[in-house]
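Shared chain: chain A. Partners: chain B in the first complex, chain C in the second.
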Partner chain A sequence: MKRSARALSLLSISAVILAGCWDYRELNELSLAMAMGVDKTDAGGYRVAMQVVNPKEAAGRNVAGSGVPVVVFTGTGQTMFEAIRNVTLKGSRRINLQHLRDLVIGEELARGGVKELFDLLERDHESRLTTRVYIAKGSDSEQVLKILTPLDQIPANAILGKIKLSERVLGENYEVDLASAIHGIYRKNGGFAISGLKIMGDADIGENRSNLQQTDSLTKITVAGMALFHNGKLTGWLYGKDARGLSWTNNKLKSTVVNLECAGNPGNIAIETYHSKTKKKARIRNGKPMIEIDIRQTGKVGEADCPVDLTKSAEIRKLEKLWEKVTKLEVEKAIEKVQHMGSDALEFGETVQRDEPKLWKKIEDKWSMIFPEVQVVVRAETSILRTGMRTKPSMSSK
Partner chain B sequence: MEKAKISPGQLAALIFLFEMGTALVVSLGLKAEKDAWLAILLGLAGGMGLFGVYVSLYRQFPDHPLTSYVRIILGRWIGWPLGLLYVLFFIYGAARDLRDGADLLISSVLDQTPMIAVSSIMILTTGYVLHKGIEVLARTAQIYFAVLIILGVLSNFLLAVSGVIDIDRLLPVLEKGWSPVIRTTLTQSFEFPFAEMICFTMLLPYLNRPAKGIKLGMMTLLAGGLVLSFSSAMDIAVLGVDIAGRATFPLLMAVSLVNIKEFIQRMDVLVVMTLIIGDFFKVAVFYYAAVQGATDIFRIRDHRRLVYPIGLIILFISAIIAANFSEHIEEGNFALMTVFLLFGVVIPIVLWGAAWIRKALRQSP
Partner chain C sequence: MLQLDIGDALDYVKQSFGGSPDVIVRILQLGSHPGVRMAVVHIDGLTDKGKINEFVAQSLLLAPSEEELRSMDNQGGVLEVVLKRTSTVGDAKACGDWNFIMHALLSGDIVILLDGSGEAIVADLRKFEGRAVAEPTTEVTVRGPKDSFIESIDANIALVRRRLKSVNLWLETFAIGRISKTDVAILYIHGVADNLLVQEVRNRLTDIKIEAIQGSGNIEELIRDQTFTPFPTVFNTERPDMAVANLLEGRVAVIVDGTPFILIAPTNFSQFFKTTEDYYQRFDFGFFMRIIRYFSFFVTLLLPSSYIALTTFHHEMIPTVLVINLLAQREGIPFPAFFEAMLMEAAFEIMREAGVRMPRAVGQAVSIVGAIVLGSAAVEAGVVTAMMVIIVSLTGIASFATPGIALSNAVRMIRFPMMLLASTFGFYGLMMGMIFLVAHMTSLKSFGVPYLYPFSPYDPWRQKDTIWRSPLKTARTRPDLTMKQGTARGDSERERHET
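Let's look at the complex of A and B:
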């Protein structure tokens, strides 16, 4: 009797424990948010847009359906949390943030300051610090999220793919995740840079499936420039070569193409960077901080549109010197521009703090004033390792 | 006391898991900001000395647990009540760690689950193991020691491969001088987890080869402290001192940054397992110390009779100890400087002194 009573109680306890998770959520009750956009409302609150996967359409397998692969829901609220919860007024499934890939911030909100933005994303147990951050240049983030993209079904993946590719081969942008955004944005008198996204074409057309049904989509999302922040507020944009100079300074450059003039001849030589590494060091000169930047890069000749004899190592050495000069000039120009904008996106503050902590303690509070005046020395060391599949350019044979 | 023996290797595994316990996952030493790892190393140095005191007491009374040699050293009238206080202290320690584990689990993964569900499952499992005896706990420790090492090596490897470690974030060392480091050592990283090692004074009499066990135990303590220090430095190198300092659960945050080619990611489960394993052993050792102490001072023949009643007490104390997580942490910081300091450091040193005087007096006439 006693034995069976014991067995029975054991069984009933197991039934409770083995039944599994208390707060389980089945997949068919969830919406996976892939990208989130945040904008400011007129009332001073937030408008949050969620790009969620439409599982039937995104599944692929030749079910060329008539629907769209993602759906965008929006919600507004005084706090981010409220805004996200208000999204449920429109969607029928609970939104799950665990797979959030991209966070897009509207330019207007970014100009007003984003310091209030990140607490929720840091505090919430679902969201992750690996989410990538972007600024929607010249538009609301909501519009960016609504554009449908060819090739990659889910726009959130397309955006991430673009930024990664651009970082890897062009170097004018680099991906920024929440963790590093939080460092930069909350640093006192600190600056920071975040990649921009821009809508090209009519945003309303981009929402339609018809946007995908032509070879040249009418509306596209492009990666555009780097947004500079100072004390958590957007202060300006860097584009093209200047943005590349920023990547160089921050050791984010992986590969790029640099055009060199062909000595004495018309035409260009394009150098492909294989590898680039930048080191920043702070020194004290006359009681003031000074930054030394050392760039080391290797590359190969990618294209030579002028008659230059690449079989001679003396020519290669000349090209190396030229490449050094071009790099140095480009980086210097970018630094000057960033200093002029007053945003320490170059992380000079951190460098001084790390290398000269005593000096930093004295100038920490005045850093915003000191930063634009900081003297910078750029040094580049380059080597060209190969010339590709040909030696002499086709142009040299007469 | 049970009729049981544990081997030096088993003791070492228990010490290691106990030391990792909750210390590995919470923000240990982060009040010293970038120099958290230094504060832990200083704490470790203190902890080694303190463990020396425990060992010296054990050498004088190799067959008695703490609660019984206090009676020998201080006499029945002071020793018995002090033993009772120690039992209460162990119960409190177990309850704190149970609460730590449950609260961290809930805030990180099980956000809708009531705490009592998580805590009671944890205490039931520990209770079951302790009911089977110290040998079973020790053997379990050997298995989980290996599991924990694998988890640790794997997490660190993944972090390294993801390229998120930035050693520069640890620089400059001693930016604000020694004083915050020393303050943190004294108020936190010495007591937690090193002064908590007092629990082991209740376990040492079970050692089958004392000399080797003590030596191995000391080495494990050292290794564990180094691991804690390393892991705290790693948290900062990955997250930066600002995010790590704000996080309730820095290790989880750090490992969640693992992302290899958008494919190997969301490795958080490694940390959650670490938390559960560590917390299990921390609760279990405190819990066993309490059971053992109560068995000893109330002269109960079989320790098993006390396992479930004490477990129930621990469970309820863990629930009523604080109204919310902030209060729990605040109270913890206060307790470290008072309760843990008194029971883990002051009283053992006094006992050690008294035992030494007693020995001297006995030899002189």
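Let's look at the complex of A and C:
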């Protein structure tokens, strides 16, 4: 008894001392990748770019102007894995993907298909499924990663901030993380939408620190449109109001501004949406699927540039009706466009599968043909709850 | 029987003490013709000198009356007369056993040897030059009594008795130590403390075989259940109000002469997080303070090791902005995180030890050098990261927030193996360490009471005064130390007394 206890304690002590620390990595042996870009090479392989933090510059306490907060390393390979290993060679430290914020895919690669791309990111234990995915519109992803951004030291954070802001205040884009991207892209005959990033200005200038040394940066990154995918391939882009219609349909809209015309008067009334919820339902009509979309939203009057008496509830009801109409039209137009492009980014297929599984079994294989023809009914229900800090528009006081 | 001849008896005393000059002998004569020779023996410094003079003048030097002279002629009459006279000063008795007489002499009694009697009279005129009752130094409260135990066992017992005017406060004394014969007393409330428990304490005290007791810490080490554990299984306090509160909960107090810290048994883990202040402040604030203490216990135990685990294994668990900040701090730091932490923790422990041991006059120098050198200079020199200094200082401060110093000492030690585990296995190792620790603590017992009670074994009805401190109105039952039915607070003691 005593002997076995002694042996056990000896074993446990040696377990501590003798164990190699296989996962042990000091912080200063790492380089933290904040964003990763993937492009196609001419040879048919991948070129991976990593935006890596330069900690001394990025930590924020340093005197500005001495260096750059991030460094971009690139590497090529026949597979993603090989390419990433080759990236590591360019730097002196092991690249760590645990804090990866953004994954940017070049448009050319996206048009050719991205299905093969995600296996590694799902398989690797370091990468996270919460990483956001973007498409670099009209450029290589590598160029996007190289642009330095003002205010946010690390461009990867700036990109994330922009997409979040856009989702929250305008609704023309929404965040898509790796998990939902993978889910959408591997769906048979399915479609998918990913936000786009666009370089405004000269990409080469954006790489320099000088880009930050003026009030209006010469080169900027903006979020621009939503890229639509069909069967893992990019088929087209949606912009502005159409992109907002997509957000509405997919229940991604959080807050936005809708301008309403003032009946009989010049000027507009801006409505701020507080809260919006969309429900999609599939029904069968004449043996064919039909989609019903119900939008419920509440908001307030954000701006009134024409004489309208907001103290009267009848006026408010009128505005609500108008808002309903505008919403409905916008969504219908967006749906029509998406159907025309043939990408089921509206998740109609999933809706049918969920609500009418038997029908789905029959039409699953022909969904690409059926989708553009699907009949859609949009209903909107709106209510204006507040009129802001004043009731009468300043115009009407004259 | 003593030597009949007083000269022989005195020679024996002197011989026994090796002629030590602090053994004072005065030779007196009672009555004139022929009279009886007497010797008053005491040890200088242990007895009240003024009282001796008064006593000798008033009771021994007076000429015997007719009646006394008559009885002095009888067999043993002298002893009777002197004993009668001596009784005026208080506790006096006749004794014919040298062992007892020597012990009395050493305890500060005076001994009166009578020529031709064969017995001596032992009278209590003890006075020990001791400290006055002062403010507690280790268990300070903002609001509450400001007295604390002192070195004298009699004064300490009196401090408790003053607060518990009950005949059921029972006291038993022992002399422990083959040479030192230290007075040790156990105090308990009869009818509240479990008889078996009192018997167990008694047994453990009488089983002690040692030469001398220097402090209550010796006794603690000799009576505790397990020797090889960092956790204290006997509680100690220098506050009389804490002692009283514990007696009322059915515990037994062990008071050791010469130490202002009394022992209390049994104890459990949660007791080290309580202070009497919890009950002097509002109950909700008492609860708040306890939460802070438990929290700081875990900070002391786990903060440095968690930091090591996070920065060397689990980078993904640190928020991105913080990890960039830490990356920047670690640029150019020559040591691995584990070594860095060890370095700083060791520096802190050295400062702390130095702070306790050094003479008070040089105290300031150490704190200044410690704060400047180890705080800012180490960071500026790029030897350690600023974050590590924050972690180590927070750990250090948190270790002071545990009221039971004995427990906080245990945690201070345990955090080092925890750091080693964290640096080899990350959080996996930390979890292994915690599991081992909890398993060990569950196996501990203090005088038969499980150490983690009432957390483990979990008792939902005994949670009123553990982390949560209930209002006093709802504290109707005593904590059940033997895990049988708890006795009611309130009238039970009186009822027991009256029946």
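Just so it is clear, the second predicted complex is superposed on the first by the 376 of 398 C-alpha atoms of A that agree within 3 Å, B and C clash if a C-alpha of one lies under 4 Å from a C-alpha of the other, contacts with A are read in each partner's own complex, and residues count from 1 in each chain.
The definition used in the following text is that a residue touches a chain if its C-beta (ideal position, glycine included) is under 8 Å from a C-beta of that chain, and two chains touch if they have at least 3 such contacts.
These numbers come from a predicted model, not from an experiment.
Enquirer: Mind checking the superposed model to see whether chain B and chain C fit together on chain A or clash?
Expert: Overlaying the two complexes on chain A (C-alpha atoms) leaves chain C and chain B fitting together cleanly.
Enquirer: Look at A:Leu10 in the shared chain and tell me whether it touches chain B only, chain C only, both, or neither; answer first, second, both or neither.
Expert: neither
Enquirer: With both structures superposed on the shared chain, find the angle between the C-alpha centres of chain B and chain C as seen from the C-alpha centre of chain A, to the nearest 10 degrees.
Expert: Approximately 50 degrees at the chain A centre.
Enquirer: Quick one: classify A:Glu122 as touching chain B (first), chain C (second), both or neither.
Expert: first
Enquirer: For A:Asn96, select first, second, both or neither according to whether it touches chain B, chain C, the two together, or no partner.
Expert: After superposition on chain A, A:Asn96 lies in contact with chain C alone.
Enquirer: What is the contact status of A:His183 with respect to chain B (first) and chain C (second): first, second, both, or neither?
Expert: It touches chain B, and chain C stays clear.
Enquirer: Check the residue A:Leu30 against both partner chains and state whether it touches chain B (first), chain C (second), both, or neither.
Expert: Only chain C is touched by A:Leu30; chain B is not.
Enquirer: Is A:Pro55 contacted by the first partner chain B, the second partner chain C, both or neither?
Expert: It touches chain C, and chain B stays clear.
Enquirer: Touch check for A:Ala43: first (chain B), second (chain C), both, or neither?
Expert: A:Ala43 sits against neither chain B nor chain C.
Enquirer: Quick check for you: in the superposed arrangement, does A:Pro357 touch first (chain B), second (chain C), both or neither?
Expert: first
Enquirer: More residues of chain A in touch with chain C or with chain B?
Expert: Result: the larger residue contact count on chain A belongs to C.
Enquirer: Scan A:Ile154 for contacts with chain B and chain C and give back first, second, both or neither.
Expert: In the superposed model, A:Ile154 contacts chain C only, not chain B.
Enquirer: How far apart, in Å, are the nearest Cα atoms of chain B and chain C after the overlay?
Expert: 5
Enquirer: Can you give me the overlap between the chain B contact set and the chain C contact set on chain A?
Expert: Common to the two interfaces on chain A: residues 17, 21, 23, 98, 128.
Enquirer: What residues of chain C sit close enough to touch chain A in their complex?
Expert: On the chain C side, the touching residues are 311-313, 315-316, 320, 323-333, 336-337, 420-421, 423-426, 429.
Enquirer: So in the complex, which bits of chain A are touching chain C?
Expert: So the residues of chain A in touch with chain C come to 16-17, 19, 21, 23-28, 30, 32, 34, 53, 55-56, 58-61, 96, 98-99, 101, 126, 128, 154, 157.
Enquirer: What part of chain B is in contact with chain A in the complex they form?
Expert: 107-114, 117, 121, 168, 171-172, 175, 239-240, 242-243, 246, 253, 256-257, 259, 262, 265-266
Enquirer: Under the definition above, what is the set of chain A residues touching chain B in their complex?
Expert: My answer: residues 17, 21-23, 98, 122, 125, 128-130, 160, 177, 179, 182-183, 186-187, 350, 353-355, 357.
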